[in-house]
Amino acid sequence: MRKQNIHTFIGCDNEYDESDIVIFGAPFDSTTSFRPGTRFASSVMRNESFGIETYSPYQDKDLEDYKIFDGGDLELSFGNSNLALQDIQDEAESILNDGKIPFMIGGEHSVTLGAVKAVFKKYPDLHIIQFDAHTDLRDEYLGQYFSHASVIRRCWDMVGDNKIFQFGIRSGERAEWDFAKKHLHTTKFNFGKNFDELDKVVEKLKGKPVYFTLDLDVLDPSEFPGTGTPEAGGITFTELHKAIEKISELNIVGLDMNELSPIYDQSGQSTALACKLLREILLFISK
Amino acid sequence: MRKQNIHTFIGCDNEYDESDIVIFGAPFDSTTSFRPGTRFASSVMRNESFGIETYSPYQDKDLEDYKIFDGGDLELSFGNSNLALQDIQDEAESILNDGKIPFMIGGEHSVTLGAVKAVFKKYPDLHIIQFDAHTDLRDEYLGQYFSHASVIRRCWDMVGDNKIFQFGIRSGERAEWDFAKKHLHTTKFNFGKNFDELDKVVEKLKGKPVYFTLDLDVLDPSEFPGTGTPEAGGITFTELHKAIEKISELNIVGLDMNELSPIYDQSGQSTALACKLLREILLFISK
Amino acid sequence: MRKQNIHTFIGCDNEYDESDIVIFGAPFDSTTSFRPGTRFASSVMRNESFGIETYSPYQDKDLEDYKIFDGGDLELSFGNSNLALQDIQDEAESILNDGKIPFMIGGEHSVTLGAVKAVFKKYPDLHIIQFDAHTDLRDEYLGQYFSHASVIRRCWDMVGDNKIFQFGIRSGERAEWDFAKKHLHTTKFNFGKNFDELDKVVEKLKGKPVYFTLDLDVLDPSEFPGTGTPEAGGITFTELHKAIEKISELNIVGLDMNELSPIYDQSGQSTALACKLLREILLFISK
Amino acid sequence: MRKQNIHTFIGCDNEYDESDIVIFGAPFDSTTSFRPGTRFASSVMRNESFGIETYSPYQDKDLEDYKIFDGGDLELSFGNSNLALQDIQDEAESILNDGKIPFMIGGEHSVTLGAVKAVFKKYPDLHIIQFDAHTDLRDEYLGQYFSHASVIRRCWDMVGDNKIFQFGIRSGERAEWDFAKKHLHTTKFNFGKNFDELDKVVEKLKGKPVYFTLDLDVLDPSEFPGTGTPEAGGITFTELHKAIEKISELNIVGLDMNELSPIYDQSGQSTALACKLLREILLFISK
Amino acid sequence: MRKQNIHTFIGCDNEYDESDIVIFGAPFDSTTSFRPGTRFASSVMRNESFGIETYSPYQDKDLEDYKIFDGGDLELSFGNSNLALQDIQDEAESILNDGKIPFMIGGEHSVTLGAVKAVFKKYPDLHIIQFDAHTDLRDEYLGQYFSHASVIRRCWDMVGDNKIFQFGIRSGERAEWDFAKKHLHTTKFNFGKNFDELDKVVEKLKGKPVYFTLDLDVLDPSEFPGTGTPEAGGITFTELHKAIEKISELNIVGLDMNELSPIYDQSGQSTALACKLLREILLFISK
Amino acid sequence: MRKQNIHTFIGCDNEYDESDIVIFGAPFDSTTSFRPGTRFASSVMRNESFGIETYSPYQDKDLEDYKIFDGGDLELSFGNSNLALQDIQDEAESILNDGKIPFMIGGEHSVTLGAVKAVFKKYPDLHIIQFDAHTDLRDEYLGQYFSHASVIRRCWDMVGDNKIFQFGIRSGERAEWDFAKKHLHTTKFNFGKNFDELDKVVEKLKGKPVYFTLDLDVLDPSEFPGTGTPEAGGITFTELHKAIEKISELNIVGLDMNELSPIYDQSGQSTALACKLLREILLFISK
């Protein structure tokens, strides 16, 4: 019998039960204060992923040799953050309960909170590694206790001091930087020029459960213009690739990639880079 | 002493106290389920308004001869509809209390609810005239009791049966149409081809307090492509102009214009049309 | 068990066996001489179709009440027209053999030939109704016997004189017009202003097997800018809608819609119109 | 011997000496106060003209059957209006002296002044027909005696009262409208709905030397978004076509087409329309 | 009493009298020979500046702690360079006379001449540091003695030999390079790779009055695509940042930033970079 | 007598007979499987080339001092690869027979095969140097023996083992990489960081006839977004420039530059870079 049109990320068309990693999209951008559009990221990435290969010459590995499931996008309520976060948390919990790794494609960075809640429930000793241009540590933003600008602060509410490691940060209010100094481990600016800090952190976290959240605006806008708040002075794809290879030595129990906003990059280079990166990460964490 | 940079809609740079009409922007689009972007409308309109004249050859009137104040945009909380609506309501109330007419520039259509709440408080016998392509009558949408797709339903909760008059509607779920038949006065499709219905409604509402909400997607997408949900088969600028001239015979106590999303119209024709329309409406209601 | 991500046109997610109409995409544009891009039409339409409703207030009918299957896009060979056409023909034949109506979404207009070949095999008395801005009657084009500019000439090779009825034509070489006068029934320019010709043709073709090919550039570029060769002076959506309602009285045994090129319409109005039209046609021919 | 790459408007590749009409581009937009870009019009039109046919089904005539020369673009000084106008005037004079009709492609509307000066020198009884959305009658603009907003006023300085006939005007300052009432013949708004005025003017000007200046923004922005100052409420291509057919009964001794700004129309429909219009005008005036 | 809408660069909303630095926009691009659009830079930068923070983690300083006034844009005559330059000179003089530093936002590079004239009047021993991709040393250009391509040559006319220091230059006619060798200090190509030259120049100019003109096309087009004449092989934001830090050791008595053309960068990365750079420069020169 | 409009790449307007290098465009992209558009490259490059100078400060050489002819674009059959390739081969042969060097501007990479066939006929000991992001070594692609994805494989069919040298490759199927290892010399990833390999290859090929094919997607998408399949991790303009300088020491008997797709780069930086590169290559190989 003929099948309805299946639409997954390239090479991620395995059945759920047999898969080790489960991709899902969280197309939510309602709290974005500046330029929305990340809601389209996961859908556009599925389309454009057919412009890349499943084989990685960097790793000499092929997506075809691993079991990955792509269940599509959650249908999230726009304008109601609590509802949306709950739906994300439920999805991540369900995947974790089935013994699989959830890999969420945002959406704005705030979606991370839903997934972290689910992962933290299962792994109370959770550590978080964040690649980002922005601290995301506001206590509240425009009268809103929860938003894309406060998502890591809300994660800190849960996991507490010295559990969150930030890299690539080059923007934030003075109060956020002060907070970071006291409660987090934050590496400023283009950490890609020197991996010492990252190496130490990876050494320290060996064996511990780690959630990896990748805000793609950690990249330099020259390589990744398709994002809501481009911030000059970022890292390159090659540096990011190397950093993620390093991180993949850890026990990644959940992860996400967020803040691609395809509408702001008519050339498609940002989406193409995100697709390539998704392939590389999937292959790095597939053992 | 030098003044800081003032940035108003062309010809609307009067002082607040002396003005009869008060313009304010409500740059909110957090509940938009499909394509966001209306948050940029009021700001872009101020920029582009300097491409039109203050003089209308249609009415032989000039904005320079009337007193209109533009206070800029409200700073609204993204991702928290209730907070945003409250701020809008407060602004509209404050303007009404000063004996002036509030003219709100959206933002998505949901912002109308905030203004209508304020106007309804002052005028309990309020009637609403809505120009729109969509019914906006859902009871809830994606688990959200309040949203751009349900804004008129929420207005109906307040004003009740036979108080709302819809024109130009050409899209909606079956349940919305059924609801409309029972509780509202709804004119389907391109009412611009025949103004009989509008004439009758205007006749009937003479002397009563009327709120006019103009969803710009009532226009045909050929003339107004810059909107989140373009819906073929709409009315022309000329037809809309004539319809608004008719409506301006009524006692308009508050009004808004919404759903311009400049980012979807690279040519700028939509913003230019919205600016021209804003001028024409301001002149129509200025006696 | 969880399902992989299904991606169909809105309201067309029925199973194949139970369906009466079968949609498939033919993303092919290799012979396009001017501006390619129609290959993206079917995929973009699936995405954007979720911006419209399944309910039609025009017909008071709902896609949810009918059985339609969307099998996705064929994987066609770029740069080899013969191979591509053969694959299209095979798909259409298979659908016809199962007693269903094939509804193809192009792609450039040349894809029609593959479908017509399949339909002609089953219905030797086939008639063709073509809505188009261009005659598409060249005998050859740039040394190529088969191309988007010659597709109807190639159909004529099969079905012969007086079987093809063209409407809306407003461009072509002198030789094509001469050919049309001798061998086809061609209505020039904006036929939407006067339906007499169409009425007569429909009367004449009652009961006969008809293939309907809709080149969307028959529409005026103001309403449908997203096409490779926009040709001023076309018909409106409302006129086209009325014309298709008329045609749906006939025995439509196969049909297609082609030449949407989403990349040339950043506003998305063309894709939105195509989606709405697809819904309307599906509802018109669903009895 | 091989020829260097020749790049002309389609069907206009005749030799100068044998030609009756001479096309030249005037890529100048330095005085444009709002959105520049018309400098690219002539060059883009040459490229895109190969998307249309040389044959007109409207007139049953073919560019191939007439002698038209396209000499390319003048190299004009940006930022020095006087120099630019002088170069334009020289070019037009040289063409007129060779007994040919100059057809200039702007550029902003101000370029008209250069051509009119040349034509007026040869034909002191010159009349001007202007299709435009804007009066262009300012006495000065931003301290500049000459600009795109004052071009017709400067023409009036030369030809005097009752020699200029404006159609389609729907924007201007009050002072411009007052001036128009006294010194020109001005038809407001969408004259395409009623050709009475035009018919009368054509009747009156029979046999007299006429310069025809076509500001393409006379068209509705829905059909022609690619212009610096889109003004809603314009005429359609079909109406414009009919009007130009009428005008071609006159003794056209020079003409221009201006204000296409291709960069503001990503779809290309405006350029395509301008090309089609150029073909139609060339065929209308070729006897 | 309510204030009209104020629209300044973020963190620059102080009163004029109390401010040390005065920002003004010079939206002029009439002599641009290739692709215009820089006229929109200052206005778009004000809008987009609200996407960055007032706090700089690079310098640990905050705009909120300094006094900067933004008076908006000058209203300049398009098409009349002399008038425009005079208005710029007047503005700069008035600011200098009040003992403040003028910081001009272009506009095309030619606007620099107006400001330099004012500064030179006050500081006859003026030195100029120019960061740029192009020499801008033509003696005349398209018959125009003054233009964006000759602006530094015109500055040299005033300040004379060995007063102008160019960095980052990678384009120009042979004659310009010859002139540079004789009369200026010119550092070719990507000087960001090696700051030796810059260090020496800064050492030499210590204590002298310096005007700093920053043509943003000195940046690589990968980081700054939004400019009229992108020139491959430029410097990075990080290199530019470091260079400006160095320069801020000098006695900067006036400065400008020019050649951002937002329309050519749909992603907004160029405008975002320009805003961040403006913040950094303001903080560097605020003691 | 006046000349028709000549349109060549800047500084390449010499007569054919006196020229040493002959440029021609091959606007063909029919086998492109992902995003077409390279057909517009040569035409857009001619337009935009007037934004650069003829003088190179890198080489202190000027195009004006050399004899180069630009014959425009071939008129190629879309949708028929064999015909198109034959036309390309004929053109290249004719140029070679006249003792000149053919320099082809693509088009998609497949056009290389036509030129290589012609060059191989004259130089049976031909070696090929390929700069590219992709291997282009598929044996067939979507049932097509010849395509952009197999072009180098088809070249290998002709020239055989150890004659093809690939640089910059970072994408391909596993089977292609396996093939490359056996039959070609392939340098992975960003070879620009280390020229050792290139130096050795150039040393080895001294004196031998070499065809140089430059797929511009070898560049990093940050500097060159305007291409169909952007692939992160590429080389910079500066690295590419240095590499080509090295290669120009060889006996280049034919060359091409391909895969610029201007439509995907609204900023024009890609086209500007391609123009600058074309100038530099022309000057490098002009002795």
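For clarity, chains are labelled A, B, C, D, E and F in written order, and residue numbers in each chain start from 1.
Following the convention adopted for this analysis, a contact is a pair of C-beta atoms (placed from the backbone, for glycine too) under 8 Å apart; a residue touches a chain by one contact, two chains touch by 3 or more.
All values reported here derive from a predicted model rather than from experimental measurement.
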item: Intersection of the contact lists for chain B and chain E; value: A, D
item: Least step count from chain B to chain F, where 1 means the two chains touch; value: 2
item: Same or different residue numbers at the chain B/chain D copy interface, by half rule; value: different
item: Separation of mean Cα positions, chain D and chain A [Å, integer]; value: 55
item: Between chain F and chain A, distance of the C-alpha-averaged centres to the nearest whole Å; value: 38
item: Shared interface positions of chain F, touching two or more other chains; value: 220, 222-223, 266
item: Those chain pairs that satisfy the touch definition; value: A-B, A-C, A-E, A-F, B-C, B-D, B-E, C-D, C-F, D-E, D-F, E-F
item: Chain A residues within the chain C interface of the complex; value: 1-8, 13, 15-17, 43, 46-47, 69-73
item: List of chain B residues in touch with chain D within their complex; value: 50-53, 55, 57-58, 62, 220, 222-223, 237-238, 241, 266-269, 272-273, 276-277
item: Residue numbers on chain F that touch chain C, as the complex places them; value: 29-33, 36-37, 39, 75-81, 83, 110, 142-144, 146-147, 263
item: Chain B to chain C touching residues, read off their complex; value: 34-35, 169-174, 177, 188-190, 220-223, 225-226, 229-233, 264-266
